[in-house]
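For clarity, chains are labelled A, B, C, D and E in written order, and residue numbers in each chain start from 1.
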Amino acid sequence: MAFFFQELVNGLTTGALYALVALGFSMVYGVLKLLNFAHGDLYMVGAYVGFFVIQWFGGATSLSIPVPLLLVIMFALAAGLVGGLGVAIERFAYRPLRDAPRIAPLITAIGISFFLESAALLLFGAQYRVYNTPDFINAHSGITIGSVTINSVQILVLVMGLILMVGLQQLVNWTKLGRQMRAVAADREAAEMLGVNVNFTIALTFFLGSALAGVAGVMAGLLFNQVTSTIGFIAGLKAFTAAVVGGIGSIPGAMLGGLLIGLAESFVTGYLSSTYSNLLVFGLLIAVMLVRPSGLLGQAQLQKV
Amino acid sequence: SSSGSSSSASGGGGGSSTQACVASIGMEGPLTGPVANLGQEQLHFAQLAVSQDNTANKTKISIVQGDTQLNPAQATTVTQQFTSNSKIVAVAGPAGSQEVEAVGPLMARAGLPFITGSATAAALTTGKYPTFFRVVSKDSVQGPQDAKYIIDNLHPKALMIVDDQESYSTGLVAAMTPVFQAAGIKVDHESVSQKLTDFSSLVAKVTPSTSVVVLPWQVAANAQQFGRNLAQQHKKAVIFGTDGLFSPGTFSINGSYVSSFGPDITAIASDSAIAAQAKAKYGAFGTFGPPVFAATHVIDEAIASVCKAGQTPSRANVLAAIKKTDEPDSILGQPIKFDAHGDLVNGKFFLFKIDSAGKYQLTPG
Amino acid sequence: MSLDSPPPAGPRVGSDEWVARQAHRREYLPSWLGSLERASERAGWWPKLAAAAAAAAVLPLFGLGQFQLQVGIDALVIALLAVGLNIVVGWAGLLDLGYVAFFGCGAYGYALVSSGQIGANGIHLPSYLSIPLVMAAVAGLGLLVGWPSRRLIGDYLAIITLFFGEAFVEFTNNVAPSVLGGPNGIVGVDAIRLFGYTFTTNKSYYYLLVIVLVVTMGVLRLLDTSRTGRAWRAVREDPLAAASMTIPVNRVKLMAFAFGAAVAALAGTLFAAQQISVFPTDFDTPILILVYAGLILGGAGSIAGACTGALVVMVVYDGLLRSPTESGYLFYGLILLTLLAKLRPWRRLALVLAATVALGYAIHAIAAAVSDSAVAGGPHSAGLIAGALRDWVVVPASATVAGNWGFVALVCLLVALVQVSSQWRTILLPPTLYLASFVWETRLAAEPAITRQLMIGAILIVMMNARPQGLFGSRRVEALT
Amino acid sequence: MSDPVLELDRLSLSFGGLRALSELDLGVGEREIVSLIGPNGAGKSTVFNVITGVYEPSSGDVRFAGRSIAGLAPHRVARLGIGRTFQSLRLFLNMSVIENVMAATYGNTKAMPWESVLRLPRARREEREVRALAEDVLSFFGQRLAGYRWEQPAYSLSYANRRRLEIARALATSPRLLLLDEPAAGMNPAETHEVTELISRLRDERGVSILVIEHDMHVVDSCSNRVVALDHGVKIAEGGFDRVAAHPAVVEAYLGKDPGALSDGG
Amino acid sequence: MLLSLESVTTYYGQMRILEGISLNVAEGEMVCLLGGNASGKSTTLKTILGIVRPRTGQVLLDGEDVTQWQVPQRISAGLAIVPENRRLFGQMTVRENLELGAVLRGGEKLDDDFDRVHTLFPRLLERRGQLAGTLSGGEQQMVAMGRALMSRPRLLLMDEPSMGLSPALVQQNFQIIKDIHATGVSVLMVEQNATMALSIANRGYVLSTGEIVLDGPASELLQSEDLKRAYLGR
């Protein structure tokens, strides 16, 4: 039973991380119907930002500021910078393609992904950069119940993930801004006709989505300790999967999808086989999709004929 | 001044002929893509070797980069690029055994010598690729040796062995597993993708009786994370890693073992200059660079010796010179000499145990 | 077909002449580009294919080396894949992200039945049996994978097929290593032997691929203009309307999957035979990306577009960008072309170019006067470019850090250029151009492998922005629902 | 009424809680034009969707030429001989005008892909026939869809011509029964008049039965043999135009108290 | 003059849709724009609102050149549109749709505006919590008009407000338009239903293939032979 709970905690933590990345991905999809394959690379940039913040304040072993402050700076800076990067990308690469066939921005997104990944390789080098989280966040200071351990980084990830997800859900559903975002998502031209500043709204969505990716990147750095230019690919893939399985464009769906994948991976590895874990997880997700073709929480497209 | 020139008895000196000794070396490795960290390290050490040897030998050797992304099809294209470039007289690389399998025939047809610093599959040196050499030992030597060490010294009742779904890793696992099984040890064979960075769920599977986890991986940072996950879940198993895990500063889990085809060049007095230079120029490095340094150095010296003999450094001449290589010492802390199939004669292994400060201590074994 | 009823003249109250006057209302690109546009609109499809085939056939006569031939082969394989993918994506409108797995299945299938892998002596089927067999088997697999397309639409189908693609790599890596070889793949695959001729050399494979590609394109063209092709496109346009017009939508979608898979398998067999080996990593996402890039850059929905796009992408990515010299030409060439196309009038172009040249010499002179080491590096480009730029671009002795910052500044400047007014753009252009050159010579040319990835990314972004519908794609209207 | 071609028998359908159709009986006879009228949201288009298999009825039956077709897939219904148009146009916009029409013959042709590729006799014959059929149905609209317009992409057509093309496409399925959903919507009075004539000609020259939804009373008045009025999925009146138009429930729910008040007052 | 277009030419991509259109709407006037399908009526409205930009020519509001203005700016200056096909946000409630109409009026209380809309369309008060997508066609049209009124426009642009509505609703609709006009809002209306539109408008323009081919007072246009033949003929 302890084993079960241990795998549960592990699954929830990675799942929360996937969910955050998926959330940003899904938001962007919501307003632009764009599969932003560069989303994972924004996450990678976020992880680098976190790493350089640690370096800037003296490195993991000799921090010159208190850890909470460090964390705040890391998250704020990653959110801001990566969010800004997202906005720039939207302005530069996606905006000219707003009215193009849907598949065109897909290739642009791949181009962006190539570009970001190799730019990181060029600027930061190929070697793995290491956070050394345990040196400044005591990994053993978490909660231990029986033989199940939840370390403090996992707690941080779970709590922050939850807060961000709920906050975003509130923002989209109950604020004027959220209403504008939903309006743009539903019918861009109609929204524009009402005076909604479509460019601003889309830029804002990109900012939020990318900032989430940045924050998730820092969390991944804290959790997995390492960052290199290629970590974005897998993260992007997981986000895409989570978003689609949950029902693409739906915020609770992205959360659910992320958690589901995290848990599935954890339990499949734990109880079945790590060798076939990806195959089995894929199989499971395919089964989910076949039962619910528009994702777990996605509404079946109401097609009025 | 460096170990390279001081240790090389065969080459040395430099081209005394009036003509400058000009040639190019192709460098094949995963310079981008998922394991760019390995490829870039290899490239950096090749560049270091060439610049040192050029100064020492008064040669004008340059490097042509070929990015394979550890993908055999790309390696084929790169190799075609190299074989059609007549200036290229030898190749350092490619990195992976699959790639060697893919390009071996092309290299042979072009008479282009190639020396890898990391392809260790046993099947490569059965004589099918006459221009192939390697400065590292093969799996069939390292695997059983490591397994024997583990059995004799760590006495596990059960162990977990995790491959990373690359040819390097699966090769070693295939060589080790029978030895463990013959010794009656319960083996839990797992496998994870190199791209995975979270091992907590795998670590949860480490049972209390599992006292050793063997990680024949290429990405040291992943092993570090594995070790941390072990500690977080209060698991006591000892990590036994191979070559890729040799990476002081990155992999530093107290009490782990690393078996490596290269020594810790930072700890070898004669290598300290190179190590310092590499560190200053490119940052931290692991064990994938030094063998490529050695490979490149072998080529450099071969070219220099051809020039010195008054001949043009053609592929055939360089190939002949490489075959004759006999370095009493090298950056790898061992002599370099090839057998008829291109394997290193008497390839050595170095075993390190990591202490609580993260230092790699050479362990006799 | 009668095209002779003349379009009516000027507008009259209440009459509906839009279509009639459409041609007169269309604006073409300026000058010679416009004439090219018209000319290519007029030329027929089959003559164009014949001309392209002839060009491909005579190309090797101009002394292509082994490398160029290899690039040609790679490009032709990807083109074949893109043409096959066009059936699924371009015609049937199904976003299939697992397509490359069919390629892999074709290659592995051929490798298994044409090597020593299975059994004591292996199976060595003759090519005229193995190729159709593999194609048929993979087409069957296509039906299976396409099965979810009955229920899933759009991006939901995309994810399922993406799983399939990933699963293929996982499968070949992990399952039955004694048969599939695990990460070590299958080596020693037989050459293709047809009509008593054994294809061994690169040149022979080049010609084989040209023939196969041309025949495939021809076949697909015939299919496209038949009831099957019309049904595919109808399903893409509006599945419900298609169903209401007697088209069995699911069957037609599955057929697209099967045909696409068969073409991919064909490409796979040729690939395996030419490479003499197959490995799981050969069929991973990067290949998929290249195929998609080619298809969409060329214009999804058009056979010619798919083929041309793929050839362009591969020749650039695999051929030109691999060599630092050529990628230098490409870099400067693209900059010049962009300026030529975008900067109007000519006077403004001349002004910008002159300012850039002057700026460079000035900076170089100042830098040289201040410190020798500031110009000690010398351009990294080879050949002509280096000569031309020697006294113009500043390259410090140790330039990694300066180059990196330059790169960041360059990206920022480029983003800024899009935002500012046109006067500011003219003013900012010369420093941007100079900075671009600086970054190239100090940093990018020194890292050809990384630069290759960077450039292909940048090229994809710029090309898609310049022509969202692709090179050959015609303007598409997506139904407003 | 002669033998009915189409017969709806106590047809009901709900969307969630909404009862879009309830216990609807309706028949269309051979060579008959029946108009379906009713306020917005009455369930008129839903009737079409149930007949053509887009929706499955919750209860009740649909019989076409004596055979039950409820729950059949749309393409099967179409092959049996029911052609339709859509209220919100659903053309194959990026295909040419003639291809739009030719595509609709898929179910009535048989050439396999390889026959098409090799241009075997059957494929060639079918292709000839299909083309002839397409030209024939397009020529039904006089100059409107003739000549140079065949090779134009459908998106380049004007709205009215798109409506015509939808009708042509439906005709190409060789239907016995044609379902037209607001064929005159978005057309000006002159064009509307043309459509009215066209509908009558379809019956007279092609011998098809027609069920038509229309809001324009002039159309309904001048071409229908019989009018059925729906409200909230329930039939509220049936019969000749004059009778239905005078029916108090229809006036109340649909026509408004004072038809023509505004246009007369202007 | 409240609104005037001066030889406006508009393109969609490579396609020229409007060819030098000039038209005026005075304060308090109701003007209708007629024309065959695809003659560019909607495009004209979109050009006025700023959704598409003219390549040449000017759009003037109160004599001021607003050609380069963004849509929000123009809406603040008093324009609003009831778009073709209503274009409601189906997944949002009626209330949210109305609120979006006042999107530019940050913060201030909207109660007065809601009251105004609800007195014009009492039905919308009943249905304020319902998802707009589930309304009947006529109710949707009411929401679209109410939504446009939320921004307190001086000039209301209407694109085929009676399209697809049942006869009863068409009449009701025209009555509402008259009411709105009576409250002092100027109206520029695109309509297929030419007779009805001209019967309540002051002036009219006729568009054909992107050019204005006829214009004048509504009563004169109703008599025009050309127009009769093309539109009213039967």
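In this section, a contact is a pair of C-beta atoms (placed from the backbone, for glycine too) under 8 Å apart; a residue touches a chain by one contact, two chains touch by 3 or more.
Since this is a predicted model, take the numbers as computed values, not measurements.
For the remaining chains, with chain B not counted, a single touching-connected piece is obtained. Counting C-beta pairs in contact, the pair that comes out ahead of the other among B-C and C-D is C-D. Among the remaining chains, the Cα-based centre furthest from that of chain D is the centre of B. In this assembly, the C-alpha centroid of chain C lies 46 Å from the C-alpha centroid of chain E.
For the pair chain D and chain E, the distance between mean C-alpha positions equals 31 Å. Computed from the mean C-alpha positions, the centre of chain B lies at a distance of 74 Å from the centre of chain E. Taken residue by residue, chain A touches two or more other chains at 118, 121, 233, 275, 278, 305, whereas all remaining positions touch fewer.
Each of residues 36-38, 229-231 in chain E touches at least two other chains.
Counting partner chains per residue, chain B shows two or more touched chains at residues 32-33, 39, 191, 193.
Here chain E touches chain D in the complex through residues 36-38, 134-138, 160, 163-172, 174-175, 192, 194-196, 198-200, 222, 229-234, going by the rule given at the top. Of all the residues in chain A, the ones that touch chain C in their complex are 29, 35, 88, 91-93, 96-97, 100-108, 110-119, 121-123, 233, 237, 240-241, 244-245, 248, 275-276, 278-279, 282, 285-286, 289-290, 293-295, 301, 303, 305. Chain contact summary for the complex, chain D toward chain C: residues 52, 54, 73-75, 77-79, 83-84, 86, 88, 90-95, 99, 102-109, 111, 113, 116-117, 119, 123, 126-127, 130, 143, 146-153, 155-158, 160-161, 169-170, 172-173, 188, 190. If you check the complex, the residues on chain B that touch chain C are 31-33, 39, 43, 65-67, 69-73, 76-78, 80-81, 83-85, 97-98, 101-102, 105, 121, 123, 165-167, 169-171, 191, 193. On the side of chain C, the complex with chain B involves touching residues 65-71, 74, 170, 173-174, 177, 182-185, 187, 202, 271, 275-277, 279, 281-282, 284, 286, 318, 322-323, 448-450, 452-453.
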